[in-house]
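Paired with subunit B in one complex and with subunit C in the other, subunit A is shared by the two complexes that follow.
For the complex of A and B:
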């Protein structure tokens, strides 16, 4: 028992080292890139930290941004742990966002807020789950690669959302094609006296719940078995096609929930050209955390700081706004290298 | 070591010689003191079952693996073949079972892939050399054809030409006919004989007897990593084909007296007269490669029915269909009188049917999962390991510790990922999982495949215990010695059918050999 505990804490320390080491190296490499671009890296990181983390309004924006990102992360963790590469989160997100944005103002006129908001969240999740049904069935019963089909469904989903806004749900009162704006009073409540949306709470609950379900329950173990070794799942008598469809449903529903939360909590409406592409942005974060829910929370927070702070740093220093993505990309490369070195070291140890 | 004691004549003649080569992997001895000489001008066949150690031997000759003990002598000098490049430089060319050509490139581009990157590739020159080399061995080859557009036989010819362009002393063909149509295989055989006639040492690896006899000048039989028999030209050309075949079957599958793993022959105990537990009638199972049809048997409580046969004759399909992993197209299957041919895997398991798969890492276990989790992998969600769907780690670990103790699994802990264990211990984990609880009938698929002597012994003990505890046991094995040691009756499977069933008496070995080599058909 004692031995197991020490190895476990050693494993935790190693995991932390393997998560934080690459972050430090990536920030350093990012600094070198900034130097090469003629930007003072200290100033850049200073603005990032100052705006994204240290100023009250910035921190609140960071935390609010985390809500949908965490939900997307939960969506990806469910799918990836089950070995299903649902990369169609952006289409699922956007269709859910449009559904919620269309339904909420319409319902708000007739029903109390406490009923409208949950109803719209469920609606968003349901629409997204429905959108994933085709790739799910194709994967479950025909073995068709879901990476391709979900990416294709994203193209269709983004276009469909666009069309819906322009032709069906368009707010006649505005010139820009967008849905009717949900009054601030009818949006998701804010936390305490801050501007942080309660979407953050929903996101945190979702990630932790997904983490616990995947690691502590029979259902989660079934999904992990399918993901780690489909042959063994079949051998153990698990209903692999059924589980596949269920995983798609849960994953897409969480992505849809992210869309609904973003609209009901922050955006208030959806413009026709709006596509934040959160899903593909969160994919590397989930990988960095190795599908661990708590690690994901940390990485999503870090990314939120980077993207909120990066936006303001970009304006002041003339760095492109997507530089935060560059840092995430460097981080991924560094992590890949770390993994490679670790495996080589382990192989040497075995010889 | 042995090198100096070998008579001068053979040492000079051999191009490549293995001298007491031993190679071990965790829990498995792949090659055990193998000594073989490969002479120029001969087709030397390495014959053996899957897992007999042929591929490891090839890997060492090709520079992919290095022997743990013993050495390889090339052209009279002991040489360390440290890399594939070194092997090629020594003139040893290897054609592997699976095509190593890039399908989207032309043959000539495939051939010059390994060239220095800073030089402009000399396509025309290479194509000319290819064409000339191909012609010299009587093969027609279009250097500019896309590799992917060629038939498997043509691709293989191209790979042989490529091997010959680098290595011209010794050509190794690893399971070369496994993927070929009979006609392509026939051509390959003729080509091998031509190459040997031209002075090359050809090493041909196969598990097909007829090919070995038809094309081989010399045959070495590998069994459990050892070279158990060698037949020279005099043996092959003298006897008639049937006699040689029967002799080879015996050596391949365990008639060899030097094999220490074999127990007493013929089960002397009376055949159990308990009730029929597992009964199959006229089973038909669909499969692209080996469809199974007309398979029927009954197994009583406490009885062990052996299924003998060369690997790949429908044994796996049968086992999977019995376990419920593969649909049964027609026929009946009952367990204790209850039809189960439409039941799912879980339902059959719940009724007491167990399947110990031979694909231990591919489907038997989930490598990265802990030993403890793997032990309950077929009971996910069941009490006491899960309550209301929530995992009970203490119960699972407890169960694992008891199983690990009872089945003598050597593992650092129950939390260790199962893939870290040796093959023998992974097998013990599987046995612990399948033989725990109320097993009524157990299907063992090649239960000692790839295991070392000690683990083989332990596994056979478990099989015997299961039968003695009243289980109906179906034992699928490619090792006749094992079947003779354990089974009450032995059925022989060939091309998806059961071609005969014999009682395990003193004469069983001969009759099984006849059924397997088809001489009684």
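For the complex of A and C:
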């Protein structure tokens, strides 16, 4: 029993080392880059931590930012674990955001808030799921690679969202094309006495639920089987095409929920040409956590601190927010290398 | 027929060439990697580095040719990183591809911010090479046959790639590296080496594509300026299923769609840009739905090769 405990804690320590080691290396490499740019890395990191983590308003902004990011992460975990490369999250996100932004102010005039908000969340999820139907059917019944189709649908979706904002849902009262703004009072409730949007709760619940469904239930096992070996899954009598369509639906609905949460909780409206492109930045985070829900929460938190802190550092220290992109990229490469070295070490142990 | 004025047709053809060449180069590059079994999601990043490196050198030296060389070298540098990580060490190609794209976006935006953010310098239009006789065809002649040399080179590359794939030993090795790497290995050919060559050439093509965008198409470098062109290139390569001519056709189709906005404005028709921008993507989806055949991608695409692994 004692032995078991030591191996377990050793496994935990290893996991922590594997998560934190690359983070440390990436921050170090980032420090070198800052030095090359003539910026004091300690001052920069200090400022980012201060603004993104340690100041109350910064921490609240960080936690609010986490809501949509976590929902995107949940969307990706479902798809990736089932072996489906849904890279169309940005289009799904934006179309859902636009539908929620168009519906909410219109409905708020006629119905109570507690009814309007859930209805708009569901609407966003449904629109996104619908947007993924074509790639889903093509993949399930024609075997057409979903990387192509979801990317195509994302480009289409971004343009369609702009068309909708400029031509259909445009607020006539503003000069800049944007949808009507949802009054602050009608937005998603804030948590307790803070400015943190309850989108954070929705995101946390979604990630944990997705994690548990994928790892602890028969349904999750089916999906993972399809992901690991579609041929074997078909052989075992699983309805692979049906499951593929379902995975697309769930994944896109979660991405859509992210868009609706961002609009109903934080943005209040959608401006034309607004595209935060969260999806492609969250892909690496989900990989870093190896599709583990709890690990994902940690990485999303870290990324939110970096991006919120980085945004104020951009204004103050003149280091543009693009810097956090570089950090994420380095992090991915370092993690890949760490994994490679670990595998080689293990194989040497076996020989 | 009021729409099809000379000015409209000329600007449509010119726009299609300018928008199509980066897609052609990128698509041909991606096709080469995919043939050899490497899914190169980092294409966008290679193009972006090529665009920046090309712009900087063209700006410093004042010569477009040296800009193109720098762009090609920049693209190859990113490709070398990809070759080491994905081909030698066998890391996940999709993850590393996304990492390279994100990293390239961040690095070029930072470098641009440090050097050019306040000045936004602009390059002179590169010299064009007029092909005798052909360039004097009315309306479309100047748009097609009085272009910078790189445009002809890109089209020539289609023929070169067809020749390489059909008639050379390297072409067969590339195909085998994607279809059945173990067989290639058994035949005594270095799979890792073959794939490395493919990835490096992809970087070269993508770097040229990026340099074309900054040096010829716009004359400036703007952060994130490749704007999804790399991803369109990936799609073109996947749709073309190993045929270089289809990449050319696809690039022209996309190019025409992308340039339709400006051409329509020239003709005085006001169609929302966003609607026009949807055309090429809608076309691809339509083709997929109608043609609906099973995409025949190389069987070993996306998986790294390791000798003796089961």
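Rule of thumb we're sticking to: the second predicted complex is superposed on the first by the 342 of 351 C-alpha atoms of A that agree within 3 Å, B and C clash if a C-alpha of one lies under 4 Å from a C-alpha of the other, contacts with A are read in each partner's own complex, and residues count from 1 in each chain.
Simple rule for what comes next: a contact is a pair of C-beta atoms (placed from the backbone, for glycine too) under 8 Å apart; a residue touches a chain by one contact, two chains touch by 3 or more.
As the structure is a prediction and not an experimental result, all values here were calculated from the model.
In this overlay on subunit A, subunit B clashes with subunit C. Which of subunit B and subunit C touches more residues of subunit A: that partner is C. When the two complexes are overlaid on their common chain A, residue A:229 makes contact with subunit B while staying clear of subunit C. Of the two partner chains, subunit C is the only one that A:340 touches; subunit B does not reach it. Contacts of A:320 after superposition on the shared chain: subunit C is touched, whereas subunit B is not. When the shared chain is aligned, subunit C comes close enough to touch A:167, but subunit B does not.
Legend: residue contacts after superposition of the two complexes on their common chain; A:216 is shown touching subunit B, with no touch to subunit C. Comparing the listed stretches 166-174, 274-282 or 292-300 of subunit C against subunit B after superposition, the clashing one is 166-174.
Interface of subunit A with subunit B (complex): residues 3-4, 216-219, 221-222, 224-225, 228-229, 231-232, 234-238.
Against subunit A, in their complex, subunit B makes its touches with residues 323-325, 344-347, 349, 355, 357, 359, 362-369, 373, 377-378, 380-381, 386, 389-391, 413, 415. Residues 85, 89-92, 94-96, 98-103, 105-107, 109-110, 113-114, 223, 228, 231-232, 234-235, 238-239, 272, 274-275, 277-278, 281-282, 284-285, 288-289, 292-295, 297 of subunit C touch subunit A in their complex. By the touch criterion stated above, subunit A contacts subunit C in their complex at residues 33, 37, 85, 134, 138, 142-145, 147-149, 151-153, 155-156, 159-160, 162-163, 166-167, 280-281, 283-284, 287, 319-320, 322-330, 332-333, 336-337, 339-340.
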